[in-house]
C-alpha cells in the first residue's frame, strides 16, 4: 500500500509567523466576544505579542534553516528584516490606540490586521520560492488595503482604500505575469534553482522571456516600495489612510518590498545584475527626483512625508542599484532606521492633528517648538534624520547607500542622490521653520501625549539617534545579514 | 591630561546638560552658567596651548575605534598641530565673548539660545580637531544645526529666508564633498589604507584626473563656507539676519572652517590639483577682494557692510593660502585669527548700536562720537584693525599674505589684491565717518548711552588681542610655523611633480603664463623661462642666474 | 511548440485587454474585473508553461492565485461598499479628493 | 646713548597712553598739556644726546642698529622691531622732536578751552611716536608702521572737529589718498624683497642689508618698477602730483596740526624715504627723472594755486605742497642732502608760518567771537593791518616769509638755492636740467609773490575786520609766542648749517654730515652721469643772483598789488576771469578726481551690488531654487488624483522598460 509521504516539515523557521497568526486569530475572537469599549487591551496584547515574536526572531539570529522543501528559509537576512517589520508594527500599534479612539474608529480588527500584515511581510522576507513570496505579498497587501480604508466613515480613508486596492491589484497582475514568465523560462519557482538554471544559460540577458519576467516582477515590487513611475498611489493613500497606518505602511511594506526584491535579484538573478542595475539606476534617479521635487510644494504634512517616503525609496534604490555589500547593507540599515524616524515623525503628526485629521498642514505646526519643546525637539531629530544630517541614523544610512554606489563606480548616481538630498532639506526645514521660526497661533491644548505614544516616541528617538552616533550597533548586523544570504 | 582635547570639545555639551536642569525663567542663571562653561572651556583650552610642543607633529592625539562596518573603518581620531591649535583657541576665546554679548541682546528663549551656542562650540571645536575625515564631516554638518536655529529663531525680519538659504547652500557643497570623501576612501582602500584617518591619505598617490575631481568637490564645499566669490551671497543674508552673537561666531569661527578646510584637507590631499587650480582660486579670491569691497562701499546697512568686508578679508586669506609658501600660508592663518577677532569685534559693535537704536541703517546715525566717546574709540581701533593698519593684527596677516603671494606665481594677482587695501580703507572709513562723525542731528541719537561696563569688558580682550597680535605676533607664528613648513613641503613636492612634466615637454612656458611673467620693465631674463617661480627655496643654492645688469 | 506559443499569445492578449480595461474604465467594479482578467491571463500562462514543461509547480501556483484573487475580491468589494456608502457612487472619477 | 634710541618713540607713546586713557579724568589742561609736551621734550633731549654722541664719532661709526624685539618672522621673511641710528635719522628725529616740542607747547595755548583737549594731546603724542618710528625704523616694515601710523594720526587730527562734515571728509580723503600711496609702497617693497630673494637668496627688508646688497641691483628694469612704486607711496604721503589734493583739505584740522604734520614732519616722509633708499632710487635713471619732473611740476602747479587763495591756511598749504615739490626736485636730481636740508629749513619756517597764522586765527577768532560775528576768521579778506595788534607774530611771520622767499641770509635761501643750482648743474638729466631749473625759478618767484601777498593782506594795509571786533585783537600769550620766536630764529639762521661752498664763509656742515648716507648713491649715480663740462663758478654766482632777483620781483609784484595799488588784483581778475576761476578752484583737480575715480567707483559699487550681486549672482542661486520649485509645480499636477492616470503611469513604465530591453 502506498504511503502518502508527508515531507518532514521544520516549522522552526516560521515560528514567529505562526505565533503572530495565532495571536491575530485569537484577537479576532476576543474582539468578537468581548463587549465593546475596551479595545486598548487588544493593543497591549498585540504589542506584547510583537515583543514575543521579536524574541523569537532574535533567537533565530545566526541560524540558517531551510524548510518547506526550500521555499522558506530562516537566515540573518530574513531575521534582520523581520526585526524591522516588528519595529514598525510595534511602533504602529503603540501610536494607534489613542488615534483610533479620537477618530472614533477603534474597531478591534485593526490589531489582528496589523499582525497579519507583519506575517505577510515576514514571509516575503524569508520566502525563497516565487510562490511563498507571492503569498506573503498578498497576505500583506490584502490586510493593508483594509487598513488603508480602515476609517470607514472618513471619505478620504475610503478613497485611499479604493485607490490602494485597485492599483495594488493591478500591480499584482504584472508581478504574477513576471513570475509566470520566469517560471516559463526556467521551469521552476525555487529561487536557488532559478539561479542555477539561469547560471547555465550562455547569454541570459538575451533570453527575452527571462528579462521580461524580471522587469515585470520588478514592476510589482516597485509598486510596493513606491518607486517612480509606480509611485503615484503613495501620496493619495498616505494622505487618506489613518495616520498610524500611513506610518506603518511607509515603513513596513516598503521594507518588505525591498526584502523580497533583494532576495529575488541577488539570489535568483545575480547573473542579470547588469540589466537590473541599469533599470534600478534609472528608477532610483526618477524616484528620488520626483519624490523630492514634488514634496517641495506640498502643504499637507502627511503628503510631504509621503513624497519624502518616495524619495527615500529612491535613496535605497541607489544602494540597490550598486548591488554590492555596502549598498545592500545600507538598505537594511536604512529600512530599520527609516522605520524609527518616519513612524516617529508620524506620531507627532498624530499628536498635533485634531479629530477628523484636520490641522494637518505644515502651517498648523507654527510655534510648536516653544509650546511643546520636547515634541518639537523629537520632531526636529526625526526631520534631520530624514534629511540625512548627522548625527542621526538617516545620515549613516545614506552614507552607506551612496558609498555602495560610489564603490560600484556609480559616481553620478551618488551625485544626483546627494543633490536630491540637499533639495529635500528644504521641505524638512520648512516644517522646522514653522515649528520654531513662526509665532504660534494656537496653544496646542489638545495635544495629549499618552503613555504608549510617549513610549513610541522614546523608542523612535533612541532608534534614530543612537545608530547615528554609534552605527555599529546596527550596521554590523546588517553586514552579517547581507553576507550570509 | 592626554584627553584634554576631548575635554575641551565636549565640555560645552556637559554645559548643555547642566542648562537642562535650570528653569526657563531664571535667565540670569542661564546666562551666567553658560558664560562660566565657556570660560572654563577657554581655560581648559589654555592647557592645550601650554602643553603644545612647537613641532610639526599632531599632538594630543586620541585615536580610538568608533565605527567599523563593511568597507569602512571610522575612528575617533583627533589631534591638533600648529594650524588647528590657534583656531581652537580662537573658538574658545570668542565664545565667552559671544555669550557675554547676549546678556541684554537676547531676552526671549534664553535657554534655547544658550543651548545653541554651546552646541555650536562643540561642533566647531570638533571640526578643528578631527583627524578622521568622516569625523570631520560629522562635526562640519553638526555645526549647521545650531547656527540654523540661531538665525531662524532669534534673527531679524527676513530670518527664515536667510536661515534656510544658509543651511541648504552649505549643505549642497558639503554633500558633494561627502561623495568625494567616499570616493577618496575607496581609492585609498585600493592602496591599502585601512580607515578614514587623514594622515594616511597624504601619502596617497592619485592620478591627476582623480585629483582634479576630488579637489573640485572639496574646494566647492569649502568655497561656499569661506565664502568665495561667487558663492558668497548667503553670507550677507545670514549675517544681517543673525543675532549679534550668531554673527560674531559666524564671522569669527564658522567662516574659518572653509579656509581651514583648504589648508588641512583640500590642498595637502590633492596638492597637484591644488597647484593646477591655484590661478583660478586666486582669481576668484582677488575678484572677491575687490568686488566685496566695492559692494561694501555702497551698503546702507552697517551689518551688511561688515559682512561684505568679511568676503574681502577671506579673499586675502585664500590668496595667501594658495601662494603655497610659508609666508603666504602663515599670513593666511594669521589673517583667519585676525579676521575672527576684528570682524567679530565689528559685529559686536554693530550689535551695541543696534541694541540701543534698533536700526542698522547708516543714515540713521551720525555724530555718535560726541555722545559715545568710548564707543567711538573702540570702533575706531577695530576699524583700523580691519583696515590692516600696521601695529594692529590685521596688518601682520595681510602683509604676509601679500608678501607670500607676491613671491609665488601669483604676482599679478597680488598687485590687484593689494589695491584692496585702498578700498578697505575707503569703505571702513566712510562708514565710520558717517556713523561717528558729523552733526549729532538725529534726536534719537542724542540720548544714547556710552558703553557700559559689561560691553567694555567684552571689547577689552579683543582690543588687547588686536594690538598684541599686531605688535608681537611671534608666539603665534612660532607655534604654527613647523606645521606650515611641513604643509609647504608637502605641496612643494607635488608642485615639482606637476611642473616637471610640462617643463620636460616644452622647454618654454607659454607666454602669459603667470609663473613666467615679470613686472613691467623687468628684464625677462632674470629667471629661466619655465622655471617655477614658486620661490627658490632657501634649502637650494641661490638661483644660479647671473643677472646681466648686476655687473653693468 | 506552436501549441505553447498560441497559449502564450492568447494569454498575452488577454492580459493586455485587462490592462487596457483598467486604464479606460471608470467603474471600480469593472476595473476590478479587468484586473481579474489579467490574473486569469497569468493563470493561463502558468498552466500552459506547466503543461509544456511537464512539472506541476505552475499549476499549484494557479491555485494560489485563484485563492488570493478570491480573497482580494472579498476585500475589494468591501472597500467598494464602504466607498459607495459615503459617495453614493462607485465611479473612480469620484475618488478624486486627494490629488496634487 | 645709541642703544637708548628706543626711548625716543617710547616717551610720546607713554604720553599718548596717559592722555588717551586718563586724559578725560585728569581734566586739568595744564597737566595734560604738560605731560604731552614733556614727553616729546624728553625725546628731544634723548635725541640731542644721540646727536652729541654721533658728532663725537668718526663718520664710518655713525651707523647703529638697535633690535628691540623680533616682530614678524615667517619663512624667509624677517622683520624685527628695530631702529636705525644714522646721520639721516638723527636729523629727522631732531626736527621731529624739536619742532614737535615747540608745537606741543604752542598747542597748550592754542587749544585752550577746546572740548577734547586731552584727545588732541594724545593724538599729537601718538603722531610723534609714529613719525619717530617712521624715521627710526631700520627696515621697511617698521618704517611702514610709522608710515601708516602718521597717516592714522593725520586722519584723527584732521577729523578732530569731527562734528564738521568737511573735517570728516578731509580726514577720510587724507587717509585714503595716503593709502593709495601705501599701496605703491607695499608693491615696491614686495618687488625688492622678491627680487633679492629669488635672484640672490637675500631675503630682507632691512635698509642696512639692502644697502650692502644694493650693488647687485641692476640699473633700470625691476628697480625702475620698484622705485616707481615707492615713489607712488611718496607722492601720497608728501602730497605730490597726482596725490596732492588731500593736503589743502587737511587744513580742516587745528592749526598746530597743520604746522606739525602737514608742514614740518609727516608730509616730508616721502622725501625722507627717498633719501633713506637713495641707493636704490639712484639705480633707476627713469625714476629719478620722474621724481624730478613731478617735483618741479608740483612746485609750480601748487604755487599757481597758492596765488589765488584767500584762506590763510590754504595759501600755506599750497605753499607746502610747492615746497615739497622743491624737495622732490632735489631728490630727483640726485641732490639728496640738499633735499633733506630743505626739508629741515622748511620745517622751521613753515612751522613758524603755520603757527603764526594760527596765532592770527586765534586772535581773530577770539575777537570775532566776542562780537558774535560769523565772519570767517581764516579769510585774509577780513584781516589787514594786524602788525600793530600782533607785533611778535608779525615779526616772526615776516622772518619766515623772507626765509621761504629765498632772500639771502635767511635759511630758505641757502636750501632753495642749492636745489635750484643742483637742478641746473646735475649730471643726470641732460638737457632737461635747464627746464627743471626754469620751472623751479618761476615757482620760486610765485612763492615770493603769494607769501608776500599773504603778509601784506594780513599784516599791512587797512584793517578790514569787523570794526567792533578790532579792539579785541591782541597779541597771543607767551606760550604761543615763544615757539614762534624760537622757530623764527631758526628760520633765520638755520641755513648757515648748510651754506653752499661757493659762499665760502662756513663749511657745508650739513652735506658733510650726510655724506656717509648718500655716498653710495652718488657713487652709483656717477656710473651713468653725463660727465660734461662742470658749470663754472661764474654761472653759479649768476644763477644765485638771478634767483635773488626773481624772489625780489615776486615780492615787488605782491607789494604793488596788495599794498600800493590794491585795486589791481580786482582788475586782474576782471581781465582774466576764466584763468582766475580755474586757479581759484585749484584747477578743478578735486572735481576731476571725483569724476574719474570717486563717482565711477561708487556707481560701480552700486551696480555690482544692486545688479550684479543681487540679480546675477544671488539671482542665479535663487534662480536654481526657483527652477526646482516650478518644476515641483509641474510634477505636482501630474498627480491628478485619478486611478486610471496612476495606472497609466504604471503601464507606461512597464511598456518603456520592456520596450527598451526587447528592442534594444
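Each chain carries a letter (A, B, C and D) given by its place in the written order, and its residues are counted from 1.
Operating definition for what follows: a contact is a pair of C-beta atoms (placed from the backbone, for glycine too) under 8 Å apart; a residue touches a chain by one contact, two chains touch by 3 or more.
Just so you know, these numbers come straight off a predicted model, no measurement behind them.
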| item | value |
| --- | --- |
| Chain at the geometric heart of the assembly (C-alpha centres) | B |
| Most heavily contacting chain pair (counted by C-beta pairs in contact) | B-D |
| Separation of mean Cα positions, chain D and chain A [Å, integer] | 79 |
| Cα-centroid distance, chain C relative to chain D, in whole angstrom | 96 |
| Averaged-CA centre spacing for the pair chain D and chain B, given as whole angstrom | 36 |
| Chain centre separation in whole Å, for chain C relative to chain A (CA means) | 25 |
| Per-residue overlap in chain A, given as positions that touch at least 2 other chains | 162-163, 166, 170, 235-236, 423, 426 |
| Where chain C touches two or more other chains at once, by residue number | 19, 22, 31, 92, 95-99 |
| For chain D, residues that touch 2 or more chains besides their own | 636, 639, 641, 643, 647 |
| Set of all touching chain pairs, with the criterion as stated earlier | A-B, A-C, A-D, B-D, C-D |
| Of chain D, residues touching chain A in the complex | 625, 628-629, 631-633, 635-636, 639, 641, 643, 645-647, 649-650, 652-654, 657-658, 661-662 |
| Chain A residues within the chain B interface of the complex | 325-326, 329, 369-370, 373, 384, 389-391, 395, 399-400, 402-403, 406-407, 411, 414-415, 418-419, 421-423, 425-426, 429-430, 432-433, 436-438, 470-472, 475-476, 478-479 |
| Complex interface listing, chain D residues touching chain C | 636-637, 639-644, 647-648, 651 |
| Sites on chain A touched by chain D in the complex | 162-163, 166-167, 170-171, 174, 208, 211-212, 215-216, 218-219, 222-223, 228-230, 232-233, 235-236, 275, 279, 290, 293-298, 423, 426 |
| Chain B residues within the chain A interface of the complex | 66-72, 109, 112, 137-138, 141-142, 144-145, 148-149, 152-153, 155, 159-160, 163-164, 167-168, 171-172, 175-176, 178-179, 182-183, 185-186 |
